[in-house]
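For reference, chains read A, B and C in written order, and residue numbers begin at 1 within each chain.
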Amino acid sequence: MTIDIKGGAKDLAGIALFVSLVAIIPLVTDSGVALNFVMMALYAALLSQAWNILGGFGGQFSFGHALFFGTGAYFQAMAQLNMGLNPWVALAIAVAGGSVVGVVVGALSFRYGLKGSYFALVTLAFAEVFRILTLSVPFTGAGVGLMLPLQESFANMQFGSRKGYVYLVLSFVTVALLVTWGLKHSRFGAYLQAIRDNEDSARAIGVNPFNIKLGAIAISGGLMAAGGAFYVQVFQYIDPGIAFGPATSVEALVAAIVGGISTLWGPLLGALVLHVLADITRNMFGQLPGINMVIYGVVLVMIVMFLPRGIGGLGATAKSVWVGVWRKKDGQHE
Amino acid sequence: MIDLGIVFSSVLNGLTTGAVYALIALGLTLIYGVLHIINFAHGASLMLALYAVYVLKQHWGIDPYLALPLVVPGMFALGYALQRLIINRASHGKDENILLVTLGLSIVMENAALLFFKSDTRTIDTAYTLTTIAIGPAMIALPKLVAFAGALLVSGALLLIVGKTDLGRAIRAVAREKQGAKLMGINVDHVYAMSFGIGLSCLGAAACFLLPAYYVNPQVGSGFVLVAFTVVVLGGMGSFGGALVGGLLVGVVESLGGLFLGESLGQIGIFVIFIGVLLFRPQGLFGAKV
Amino acid sequence: MSISQNSRRQFITQTAATASALAFPLIAGAQPKTVKVGVLHPVTGALAYSGQQCREGALMAIEDINKAGGIKSLGGAKIEALLGDAQSSPQAGSAEIEKMNEAGVCAVVGAFASAICLATTQAAAKYNLPHIVDVGVADQIVERGLKNTFRFGPGYRKCAEVAVANLHVLNTAAGKPAKTVMIIHEESLFGTGTANLLARELPGYGYEVKEIIKHANPTRDFNNIVLRMKAINPDIVIPANYYNEYALLVRTMQQQKVTPKAIFSVLGGAASSYKFVKEFPDAANGIIDCNHWFNPKDKRSLELKKRAEAKGLFFSYELFMTYTSMRLLADAIDHAKSTDRAAIIDALNKSTFSDHIMPYGPTKFVNGQNQGAQPLMTQVYKNDIKVIIPRDYREIDPLFPLKA
């Protein structure tokens, strides 16, 4: 796999800068609110970055990404509870599990040529099937779910303060950023985007769409599973609804689209903006439950209405407006 | 082990439940067939329609079935407005944006309902709610039989509208080839809005038939969304006959699945069908476009 | 750690605290010397109805406490509620705890649902923030060794045990007409947990559990389950689910004319619900429930019921459970003579609070669980809900089995 490091150097620097800045936050504040916010925003970013690999770069919109999330979460929990493994080892199993499920679902879907809405709906269906299965099978705890015993230590991947978790999720997000960077600047990524833009043309120039897409879904599934494993470590409880329910699937795709799909920073921007929005609206008009979500929904629609390329696209729009303004100015001095 | 009388009852039960699924799916399949959008706000729209039926009964004493001439046009107007004024404007033609817009709308609808109606579950009381009709060994609730008849009527009406009227021709033209239709002088925006409106008006009908045997609260719509999608895919996106047959089939599978596998696991039958159809016959049973 | 680092931290922390305090809708006005208490419930999302009812209970309690002079040992300081929305998810609940912590609450009452309580008690434990669990019946909540968690009411193990024992008492008194049982439960934590316990206890008393049926939330149609019921013909049907499904199930049973010897619920969603009795009097008649209930012999219960109904609210268990949890907390703060969290936890541990409307007697916490907590057995009789067991709280004699 060829990676264009020189071309991607600027992005790499950006990633390094971003990670360093975020890493400083737990060192300068003890505020539980701030740390929790950063943690949850990064967590949402991780989920949408995972989705973006398949959805944005690969052009295969998945409506059921919770499938991988839940797989990761359950593997993480079961590896510790049923097999007595260390959480760090379990993490590897969770990520692998997510990738394998991705490959299986991907193989089935792509083999039968599912695209667009059909692909989206089949992922949704798989997520539901997994949800119902975990609900019915005793070794997943069925409806009762699984609970990790409380035991805080680094070795046990449970941290007393949110700081530990912030660094943990930051490391996952960094990996996701690097993977996305790799997609943006490598031949594999170029093939993937070519397939997204026009699969037939891509095939004509010798790219194997099936293998490439399979690779993308494997990566996407693995990263999403890491998100699931992280959730379990933080909240120490998982049940079929939380694991495979539509809420997580929606969270992942909304942040990516709002932020700007198929960009490096889009998912992060989207996750941040949506979290700030949710936070601001959550306690407005506290006596009238519901109005905060109405506002959230309205703002979401407005974001889409006025920023069709997502927030990431705002930069491009601003640039073109700026250039346009200068051109006009030049014209006036004719 | 299970006697045939019970299986028979279960099948009949599945047919009547499936009729409601069909009613909900009819609108969804029209919207998908013409506008090619997966309407995330379908469940929330059903919920609004149910509240409309509820309010008409509780405050004005109008029986749900008599409310049809009020709720159906009302939902049509809502659908037309939503598509023309919001969805069309916001989406800029991009698929992912339409997704987000309908998602945002569903959040607004659900929480606006929470705000106005509070979270209480509401039911209505009608003279016929508890009436059952015996068909062989089965006892079927009257409201469900009416819903079954209703589904047949609405499918028939839709087939008529789309097959025989000028509007229907325009809809079919736009669904098949948007640019060509535009060149022929068809106002595509108007046709889109009409289709969305008709789609939501089917929900209005569904609500009138559903409420007597069910209930309404702000989250009630989400329980039907996945099933509706399954029916649409099974029947063939854009096919009314498909939505009807698909709905009945899904209802029966769910019912028998519940009987043999237990209610919880039985739900899996629906999604196995969903996946199977998508993989092996994505055009569905009646794969024709609208 | 240098001084400048420290003060930078403090600055950020304090800014966050101010921001959080401003972010909370303040009830009872911003008066000096108030006791800030967090009231955290899922008031939006799937659990909105129950969360709202809980919140109302908390607010009514605060109103009563403040009217009676506030916290006397703190010079009559009034309680100020900081309302939080758990949005029916554990993540949102946790985030609200962080905010409440920084806004300087001395304790939290919440969060209704077991799954949410698991997350919120844990988040609160980091700050040694006392957390009173108002409903949350999963036993795991109080079995994790968290020092800050206190549950005033019973858990589902206690409810299941009481229910089964009392079923046996009723059955024996009637000459043992009932032998077979069918359990219908909702598929998540509370339903499955309860069903598992029942399935374990019942055979010990000589009952045959013919079938256990699990159903989804939501379930759109109960006809199949009722068909199974017809086929199996159990003597007793035991539902353990939430309001909507319970109501739909019982209505379907009425429609299909299925009448077992008794409908005996354990934590039944609509079984001891005034709303259900009002809306479906025929279907509800005779249903027995083992559930959270107030002391019917205490006049204050009826006064509280009237007040709730005057506000247009049903007097549901969410309301009076949270009401009494708040009263418990106020009592503890009074005894602690301070808003210091450790002092309040200590006061709760030592609490003998008995001036309440629940049938629990004097409070005694062991590992966070109130030992006196118990559910009561109620039966719907003449469009009203009456207590049948235990005898000290009995209002009417039980009707068992139901006449067909």
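Quick notes on this structure:
FYI, a residue touches a chain if its C-beta (ideal position, glycine included) is under 8 Å from a C-beta of that chain, and two chains touch if they have at least 3 such contacts.
These numbers come from a predicted model, not from an experiment.
Of all chains, the one whose mean C-alpha position sits at the greatest distance from that of chain A is C.
Of the two chain pairs considered here, B-C and A-B, the higher C-beta contact count falls to A-B. Note: centroid distance chain B to chain C, computed from Cα atoms, is 36 Å. Averaged Cα coordinates give chain A a centre that lies 32 Å from the centre of chain B. For chain A, residues touching at least two other chains, in rising order: 135-136, 289-290, 292-293. Chain contacts: chain C has residues 44, 48, 51-52, 187, 214 touching two or more partner chains.
Chain B has residues 111, 114, 119, 218, 262, 264, 267 in contact with two or more other chains. Within the complex formed with chain C, the chain B residues making contact are 2-3, 6, 9-10, 13, 17, 111, 114, 118-121, 123, 125, 129-130, 132, 139, 141, 214-215, 217-220, 223-224, 255, 258-259, 262-264, 266-267. Interface residues of chain B, counted against chain A in their complex, comprise 32, 36, 38, 86, 89-92, 94-97, 99-101, 103-108, 110-115, 119, 218, 226, 229-230, 233, 237, 262, 264-265, 267-268, 271-272, 274-275, 278-280, 282.
On chain A, the positions that touch chain C within their shared complex are 28-37, 40, 135-136, 142-145, 147, 149-150, 160-162, 235-237, 239, 241-242, 247, 279, 282-283, 285-287, 289-290, 292-293. By the touch rule above, chain C contacts chain B in their complex via residues 44-46, 48-49, 51-52, 187, 213-216, 218-221, 223-225, 227-228, 230-231, 243-244, 247-248, 251, 254-257, 275, 279-280. Considering their complex, residues 5, 8-9, 12-13, 16-17, 19-20, 23-25, 43-44, 48, 51-52, 83-85, 87, 89-92, 94-96, 98-99, 101-102, 115, 118-119, 122, 126-127, 140, 144-146, 186-189, 191-193, 196, 214 of chain C touch chain A.
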